[in-house]
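In the two complexes below, subunit A is the common chain; its partner is subunit B in one and subunit C in the other.
On to the complex of A and B.
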């Protein structure tokens, strides 16, 4: 069986870890929002695609390399998220789960169809990074390595921000208990705007990274949001670190299923994982969900 | 709600609508009749969604999957020589068989798990229909030869019967103890459990009933279009339409989905028929507006005028 050669296994593992880092970046943002305001943002993957299409426009119109446009897109989408929170999400915080689910679902429908009107349903891709690094027998594609490493860097950066800074501490405090945080003098509304902005920026960055690896269209979000849900349920809802591990796990499992079975089955892995976890441990593998 | 006068009135409106719909084929051309058929389709689907999500507050983002399964079942049984009415029943039956385990899996959990699990269901259906080439012919789809298909009148009345049946089912449940228990789950699930409501079983029964309807509707739909492929059977837009129609009309009510379906379908026909993406974007805006500013839907405006407490989702 040729597939069982160590080089191939290593290759699959590396590919899986790199893809997993991208998933982790995306899912950590989703989980951050859930942790702080108990809102599941169904439009999270559309914010990601906003980043991908942003990179596409900057590349085709101005010839900007995606890694350069990352520096423009991340702050831009931070502000999109900040004001989305201010004018839309803030209204559904604290309301029943149903309300926030439906509101963000409405937002995602609007964004997808605006995307279709602006960019049509054709697949887009950015041929900026190509080729692969060769290390002995291993060939790892350059775009995947770049995207994976930058995603990893950003996720760890956000983690350190949350753990080490005063503002990060305030965000964690609101996530623990918003009322007590407010009593301690934390401006909870502002923290929520910052959090949503940050999560949106993470999604946007993931979108730019996605744009150098995959081709995408305005409807691509569905696959990704599904994977994100599997990840945050595996990792525990509201748990940042759990979402990171969940993302890596999904990336690796997908890579192996894709390698041994078919890439189409790999697409179903997320859903199967989700269902399995719901069956055996409804509160996720790590942490307790308080929904 | 104990409001005999209003119920009496809405009952008469219902009778008038039923008579009109039954006589309509006499005076309408094929195009108009097809349009009404599609309105019935949306009403039936909306009532199905209303049954689980409007009544219990558990949002299903994947109900179109049952429609897709029903459509494939209908097409296959028709090509295997079954009569059309049996194919419709098989469509409903297979959707039911799928819903029972799925309901027990996702509905024993509280909170957003059900919504999340259902969100991907439609996509899974599409993938399975694409990969299972032996049965579904994959992306090529299934084409039904015209001699297998019943006439437009038969399809019209079947769809009408489904819309009417779904509405009567919702109305019946609305008045029953079962309906009361479902609404108790929606308002406060823990309190409902405390007073002895078997919440899981109630939710699963509501879910299974609500899956059966799209299964049957899908089977009739495939006879209407005479062609099905994975993306037309498991169309995401159908989920959106179902949800928006119910919320726009007034979720958890008997008339809300009918009012919502009528309004949205007429708007679509008049304004957005040429631009599907604009139509869906407009539905998204409608959804946001309703969720934020009119949580009771259109019907709450009518009811407020009659000074009755709106019996709707907060």
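On to the complex of A and C.
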């Protein structure tokens, strides 16, 4: 069977890893927010699409290459997230889960309809960064390798920030126990704003990367958010590193299932994986059971 | 006292309104439809609606239909068959519309036509072409489009004439793309060509890389897609990323739309597809319609807009022939009708399936979409073979 040729296996693996890196970038942001404030942000994918449409507008109006607009969009969406936290999410932190779910769900509906109003329901994509690098016979997609590497860089960057810096330590402290962190003199409110801003910026960056790979419309978020949920449960709720592993795992498994079975099966894989992980290890790959 | 006065004024006003209903106009003729304004088929659904709306405006400017004004009631079916079925139920029972126009996509039409059939309401179906729709013994679904099964015939003939043998066939798992695929398989068999790869994909699929890697290993001469706009765009993009090469790339729907070129840029070059209609066809009023449409909506009409517009004229011809909007009379008129409008010829067989309209193949050449087959209608010569990615 031609599928078992090393060349094809390698091609599938590379495709999977690159897609996985993008999933990881998106899911890590979602998990960061959950870890720090126990809020599941249902509007996370819409923040991502904000990045995608930002890149689309900058490309069609000013002719800016998506990689250039990445530098503008990431800080812009950081501030969107920062103030969203200040004026909206802060009010639902610490409330029952349903309250925050409803608040972010409402936010996502508002954003989707705003998108429909501004951009209509047409599918968009940006004709930049097309084609592939040829390494001998191996074709490596330009947009995917760029997106994959940038995603990896950002995710690792945020990880190092969390691990190595004082501010990162403060974020982890709030994630561990907000009250104790506050007693130690950490400005918990500010940390939450910062965290949500960072998570939004990660989603925005993922959106810019997505805009050169897939076609998107304002309602595209739902496919991604569902996969993200699967990823963070697979990886462990609230665990940054777990979400990273979960993302990569899903990307690779999807690519191989797409190769060996069919693209249709590849779409169900996230949920099959989810059920399997829940059965075998209910806390997720890196999760710790919390009361 | 003052309060009592105002209350009694209000009361008498209400009473007056009940006794003397507003005498604005004679009863309007209400036409109902659902189209996809969101979801996968939004782009094309919207065009269809806009085309139809232009007919509504025109017919009212001409003094209406049977001396009555035409009013359009429409809803968004979100590209979902189940929503479409609900909406047609609502149009018929709740809104009590006089006439029906079909939704966009064969998928939603399958569901909507069942509702129309149940209520015995004839439905002029623009935007549906899977022959499955007309194989259920229904008497109320009247197609405008050339059948899905015939979409790729000319392109396959072209491939045959160039000595091509191996076909890779991919398609979405819904009615229309399956129809296209069935047609391709049939025709390939007749021409002695071989299907070396075949795979279905879901309506929400956006990533075809794994599929493309498999196709690449089979080295096909032709890649044919039973697709819509988003999937065909994504597929071509990823074909380039993975350096999938074939002598002919052909897709349903996508390449027939201006968006295909906008979203792919130069990578659209040489891709073939189908069209039900182009403004360049020599049809009465086609050019005028295209100009008016562009002036109104700011972009060239695709064939979906043409179909919506044509559906209006078919409906008008049928109602005039019937002399009323009575469903039985309109149905009889639609069966008997043989007419040509800006969209093309309309003539159906005993099942309501379109048999009067030919198919056309298009190709993207130098950033524009041209009819290349059949030669009589062509605006450019077909370019063969597809230029390899490395040589662009």
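FYI, the second predicted complex is superposed on the first by the 288 of 291 C-alpha atoms of A that agree within 3 Å, B and C clash if a C-alpha of one lies under 4 Å from a C-alpha of the other, contacts with A are read in each partner's own complex, and residues count from 1 in each chain.
Here, contacts are C-beta pairs under 8 Å (C-beta built on N, C-alpha and C of every residue); 3 or more make two chains touch, one makes a residue touch a chain.
This structure is a prediction, so every number in the text was calculated from the model and none was measured.
*Asks:* Once the two structures are overlaid on subunit A, check if subunit B and subunit C clash or fit side by side.
*Replies:* These partners clash in the superposed model.
*Asks:* Is A:215 contacted by the first partner subunit B, the second partner subunit C, both or neither?
*Replies:* A:215: touches subunit C, not subunit B.
*Asks:* With both complexes overlaid on chain A, does A:11 touch subunit B (first), subunit C (second), both or neither?
*Replies:* Touch partner of A:11: subunit C, not subunit B.
*Asks:* Please indicate which partner A:98 is in contact with in the superposed arrangement: first for subunit B, second for subunit C, both, or neither.
*Replies:* first
*Asks:* Applying the touch criterion given at the start, work out whether A:264 contacts subunit B, subunit C, both or neither, answering first, second, both or neither.
*Replies:* In the superposition, A:264 touches subunit B and subunit C alike.
*Asks:* By the touch definition at the top of the document, which applies to A:223: first (subunit B), second (subunit C), both, or neither?
*Replies:* Both partners.
*Asks:* After the superposition on A, what does A:116 contact: first (subunit B), second (subunit C), both or neither?
*Replies:* After superposition on chain A, A:116 lies in contact with both partners, subunit B and subunit C.
*Asks:* Touch check for A:275: first (subunit B), second (subunit C), both, or neither?
*Replies:* first
*Asks:* In the overlay, one of 114-122, 222-230 or 348-356 from subunit C clashes with subunit B and the rest don't. Which one?
*Replies:* Clashes with subunit B appear only in stretch 114-122.
*Asks:* Pick out the shared contact residues on subunit A: the ones touching subunit B in one complex and subunit C in the other.
*Replies:* Residues 116, 219, 223, 264, 267 of subunit A touch both subunit B and subunit C.
*Asks:* Where on subunit A is subunit C touching in the complex?
*Replies:* Residues 2-3, 5, 8, 11-12, 15, 19, 116, 120-125, 127, 130-132, 134, 139, 141-144, 214-215, 217, 219, 223, 254-259, 262-264, 266-267.
*Asks:* Along subunit B, where are the residues that touch subunit A in the complex?
*Replies:* These residues of subunit B touch subunit A: 57, 59, 61, 105-106, 108-113, 115-117, 119-120, 123-124, 127, 130-131, 236, 240, 243, 247, 277-278, 280-281, 283-288, 291-292, 295, 313-314.
*Asks:* Under the definition above, what is the set of subunit C residues touching subunit A in their complex?
*Replies:* Residue list for subunit C touching subunit A: 37-39, 42-43, 46, 173, 199-202, 204-211, 213-214, 217-218, 229-230, 233-234, 237-238, 240-243, 259, 262-267, 389-390.
*Asks:* Would you tell me which residues of subunit A are touching subunit B in their complex?
*Replies:* Contact set of subunit A toward subunit B: 40, 42, 88, 91-92, 95-99, 101-103, 105-110, 112-114, 116-117, 219, 222-223, 225-226, 229, 233, 237, 264, 267-268, 270-271, 274-275, 278-279, 282, 289, 291.
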